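Written below as structure tokens is the structure these notes are about.
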Amino acid sequence: MNFWFDPVNFIAHWLNSLLVGWGMAEWLAALIIQLVGVVVLISLMMVFDVFLVWVERKVVARFQDRLGPNRVGPFGIFQPFADIIKLIIKEDITPDGADKVVYNLAPILSLMSVLLLWAIVPLAPVIFGVDLNVGALYIVAAGSIGTLSIIMAAWSSNNKYALIGAFRQVAVLISFEIPMIATMLIPTILAGSMGMNEIVRGQQTVWYVVLAPLAALTFLIAAIAELGRSPFDLNEAESEIVAGFHIEYTGMKFGLFYAGELLHAFTFGGFWAVLFLGGYHFFGLENLGPLVAVVILFAKAMFGYWVIMWIRYTVMRMRIDHMLAFNWKFLTPVAFVVLMLTALMNTLLRNTSSVVYIAGMLLTNVLLCWIIVEILRGFSRAERERTEGVASATVAAHH
Amino acid sequence: MTTETLIWLIPLPPVLAFFLIILFTNRNKALSHTVAVGAAFLSWLGAMIVFVRAIGTPDLGKTPFGSSVNWIPTADTWLKVGVQIDPLGAVVLFFVAWTILMIFIYSVGYNNFGQPKGDHDHPGLPPHGATDEHGHAVPSVEPMYSRFFAFISLFAFGMFTLVLSDNLLTLFAGWEIMGLCSYLLIGFWYAKESARNAAVKAFMTTRVGDVFMLLGIAFLYSATGSLSYHDIFQPQVLHALASVPTPIFGLSAAGLIGLLLFIGTVGKSAQFPLHVWLPDAMEGPTPVSAMIHAATMVSAGVYMIIRMFPLISLDPKTMTVIAFIGTFTAIFAATIAVAQNDIKRVLAYSTISQLGFMIAALGVGAYVAAAFHLVTHAFFKALLFLGSGSVIHGMEHGVLYTGDHRVDPQNMFNMGGLRRKMPITFWTFLIGGFALSGFPLLTAGFWSKDEILADAFSNGHLIVFITLAVAAFLTAFYTMRQITLTFLGEPRAREAEYAHETPWTMTAPLVLLAGFAICAGWVGIPQDFLGLHLNPSWFHEFVGSTLAVMPEATPFSWVAFGTSLLVALGGLFFGWLVYRNVAAPEQDKLQIPLLKNKYYLDEIYNFLLIKPSYWFAKTVVYQWMDKGLIDGILHFFGKAANAIGSVVRKYIDLWFINRTVGDGTAHVTQWVGRNLRPIQSGRIQQYMLVSLIVLLAIVGLLYYLLVIV
Amino acid sequence: MTAMQIFFLITGLVILGSALMVVTTRNLIHAALWLIVTLFGVAVLYAILNASFLAVVQVVVYIGAIAILFIFAVMLTRKEMRDRGPQLNKGWWLNAIIALLTFGGLFWMLQSWNGFSKTAADFPSGYDAVGQLGRALISPDAFVLPFEVASVLLLAALVGAVYIAFNRK
Amino acid sequence: MIPLSWFLILSAALFSIGLFGVLSRRNAVAILLGIELMLNAANINLVSFWRYGDISLMAGQVFAIIVFAVAASEVAVGLALVISVYRRRNTVIADELDLLKW
């Protein structure tokens, strides 16, 4: 095995021989190597996170027709480090009447819930944390820890705003988990496995975004809601509840939340890529080597992240009841319909030629999309008639 | 689909239709009659297919279509139930299917489908007519329209079952289904006293016959151990039956069974002396009359007895009885028919007499002739009934127009000159009438009746021959009388002037049946008719092959031919001559009270049977036994019990129970309750604790008992 | 004593300890949080038992939904943040004895069962337990009926909960 | 390898602790917490019996899942009840909810 085609095992093997050479027990060596792997992965993500801060600020600036950070280093590339220093040297306040343990535990959990996710992301055919055969569920599980961290933070900081923010966020998370799971089941059906590696391998020939565009879209929306980003950022609606659950946090604790949020967004971009955009596949380019594959995956994740940012800085914030209604009355049913339809079509067309299969799936989605749009139009027309009276509605219909 | 399966399927549509209509489509008239007629059509289709296949099959008589399944397990064997189509069954099925379909279609028009709802109609009465938006009086739709179709569907089911069954048991089942339906349908307008009574009368009278028939069936089963025709008509079985003597009149077993079954026929086919229900059955709606009197029920009786011919013919005594009853009924009913004024009653009596013809034919051993007359008669009698219904309907138009509801639209003396008002009805009725009176060479009735007469003559039953000839003459006579009074001459009542033709749903069946009334006879032209050598009579060949030994064709005899020619034409001519200008019942010479009142038979029955049984029920059973004896005993018991009760109450209940036991218990309970109350603390966890302790105790105990010990 | 056994012992201790905290701690929110720790431990046990699906579902359902619900309920059913006063009934020592008795009885019965201390066969590598479970859940000759009944139960509970907690004002 | 007994004892202990909680907690929510513990104890047994028995028979896991469903619905309804009780009686202390007492 050489480094280029299997770096991880190469290094692991080398380390293992080294440690055993020092006369260490086999299992202990294995354990240490595992730990090293974990540490490496985590620190990699953290460093990348620092980079994300810069990206976010640059992109938002561009969206808002500004330059963004451009003083510290070329293109202000070192701006995040400045931020970090600022956060570290800030006073670390723990509000009176706060529940110390929980208060300090919350940010850690928050970041942890994000980092946990990277354990199952297949960066390359041979580079991945674990190939869990229940990966899809694992994502939700980790997400639920995030929920927990939020509610812990909000409760422990003994602040009504925080509590309200947390309630909103938890309500949103719990309700948007449903369409998310439903849409995550679709790649599962198509690939015949919940394991991320299997799912990516299943997209060798055609990405699932082609087979199930609607599912991809639904997943993206649900993901944004899970992230609590605009237009769903009610947990920290500045104008209403100052900053939501992390209102009381200062210094590095807030930094952890912040980093967690950014990384979370990027992570979901990554999962979007893994589940629907073909993971590390890019027209055979990934065969050049695992590292190339990693780059491809990160590029796709970045694309997803960019889409999320794009939406965030374009669409305005929704009202909480609108949002929940949107989920329960629209997103969830759509997700389930798509799920059932995909399962059905998949079973029907499985044994046909690949062209027919792809065309059939795509056609089904297009058809369903059209139907949904029609239904929505009908609803909106009825709404308009109720509000404005029939005449204007008909006029509008003519336009 | 194999023919056997098809045969199984034929009876199903009507019964399905029955349940559909009763359960679901009761509200919707159009749907109901669609379902019913559709079902009838399906059955008709199946019947036709079966019929075509049947006539296409060589020697069907030896190997009939049929299949059977196990039904009721008896001790060692199974009671099988199955279907069978042999030549006889095929022809019967043919006319049954046709007439039923026609009648169904006719009923749509007869019940005024599509007309407005009646102004003051209510269920159980004939529709009285409504006033449409222009204020004209128009017929109104039957209030119980859907129910009517449900009933006739069930009726059709019964008839098909009867015709198709290959054994006496299912035949009897269908027989009884029809009995029930005739009861329901005759009493269809149950708010009319007369209709109610007629229904009960019909039910009771036929029941008399059915009981005997059931006896016969039971005897047959006990004698042969089977009820399927195929087993019964095995030569050795028949021989055995014929040789076994019975204590009654020295009849053989076969003879006795035949006699009993024949009594069933007498009831069902309204032969003397059980014919009295048939005229009263005219209370039902006209399609029902046609149904009962032409197509199905009465034919069923004759069909059954023809079916049983091989058995009956074993005993000459029985044959004699049958021949006598038939002949007598024929002449007897014919004489009554002459004096009736109600258009439907005339037809009813003529039916009785025609059935008499068939029975008589059977009695003289003219198997084929009887079957032949059964078929042709079914067609032209159905035609006549539907025609008369059409006439009545037309008259009702008139009645509605004049608004004088006292005028009886069925009385022939209110009619006259209708040939101009309702031509289609007139011509078809004319054809039917001629067929009935056996108009020579052209009509179906002639061929069948002529064959009967010829058989009677050539078999040397001179009395039978002469009587039947006279009956035939009378038949022609009263038929012509009816036609003359109804259609010819001038209207004798304003209603008749305003009568007009009925809708196509009623006339179309008439036309079709008229076609049959003519053509149905041509299949049975004797071989050496008028001495010229035609090819042998198809009907004779076909139906005759049902029997084990094909009966030889009757030799042609000028006497018989001349007689039937003479009686038919003569009857028609005299009928026209006498009645061409009779204007009122008074001028009718033949309104002899004796005839008019049907020989006072109803009164005689009333005096001999009904009165005594009433008296017995009222005086003996009700007053003496019930009131005196039983009630007396009961009252005694009551008093005794009362006395004991009061004693017990005073000395045991009040004193002992209440004082000591009752109040004592109450006190104890109260005390216990008071002391147990604190446990009821309303604290869940406490309850749980207690229950848990008990649980632990029990588990420990059980464990100790089961495992340790 | 293999690594696995050590791991199990640690997990078990965490579970029992946190469980004790759940039933004894004065602060209800803490109790709920301790419950979460316990549930995590149980999830780990499932993982040890090669029931990966159950492990993840445990986290999703219990921590993601049930524990959160508990925290909500605690927050919604109080006026001020801290819980004052005794959190245990007066007769708690009796209850403790009962609990101990229960444990003793269970232990006693179990240890007298002959299959008590048997060890499992090695888990066959590549054995698709999840797939097996899925098939078992939906195959008509296995557990499809209980599965459907459970779903109906969930629906009923959903409706019932909404109806009960609905604030009529 | 870990013997079955360890799991059984662990679950028994967990069950007893939950029982204790159910019996002696004053707050209704806390009682529900105890019930959750007991349910988990039962689940541990189910799964371990699956693992230590014939692993091709899925009954253990299936019933564990059904217990999940039951637990979820039980919590949903139970907490809803607690909340509505709190609305009406303004307390969630089990002992104070003794309308049913004589």
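List of remarks:
Residue numbering begins at 1 within each chain, and the chains themselves are lettered A, B, C and D in the order written.
The rule is simple: a residue touches a chain if its C-beta (ideal position, glycine included) is under 8 Å from a C-beta of that chain, and two chains touch if they have at least 3 such contacts.
Model, not experiment: these values are computed from the prediction.
The interface with the greater count of contacting C-beta pairs, when A-C is set against B-C, is A-C. The chain with its Cα centroid farthest from the Cα centroid of subunit A is B.
Separation between the centroids of subunit A and subunit C, computed from CA atoms only, is 29 Å.
Centre-to-centre separation of subunit B and subunit C, using mean CA positions: 76 Å. Taking each chain's centre as the average of its CA atoms, subunit C and subunit D sit 6 Å apart.
Here the CA centre of subunit B is 73 Å from the CA centre of subunit D. In subunit C, the residues that reach two or more other chains under the touch definition are 53, 57, 65, 72, 89, 91, 95, 98, 102.
Across the assembly, subunit D contributes 19, 23-24, 95 as residues in contact with two or more other chains.
In subunit A, no residue touches at least two other chains.
If you check each pair of chains against the touch rule, the ones that pass are A-C, B-C, B-D, C-D. Subunit C makes touch with subunit A in their complex at residues 3, 27, 29-30, 33, 36, 52-53, 56-57, 59-60, 63-65, 67-68, 71-72, 75, 81, 128, 130. Residue ranges on subunit B touching subunit D, taken from their complex, read 677, 680-685, 688-689, 692. Partner subunit C is touched in their complex by these residues of subunit B: 685, 689, 692-693, 696, 699-700, 703, 707.
Interface of subunit D with subunit B (complex): residues 19, 22-24, 31, 94-95, 97-102.
Residues 2, 4-5, 8, 12, 15-16, 19-20, 22-23, 28, 31-32, 35, 38-39, 42, 45-46, 48-51, 53-54, 57-58, 61-62, 65-66, 69-70, 72-74, 76-77, 83, 86-89, 91-92, 95-96, 98-100, 102-103, 106-107, 110-111, 115-120, 122-124, 127, 129, 132-133, 135-137, 142-143, 146-147, 150-151, 153-154, 156-158, 160-162, 164-165, 167 of subunit C touch subunit D in their complex.
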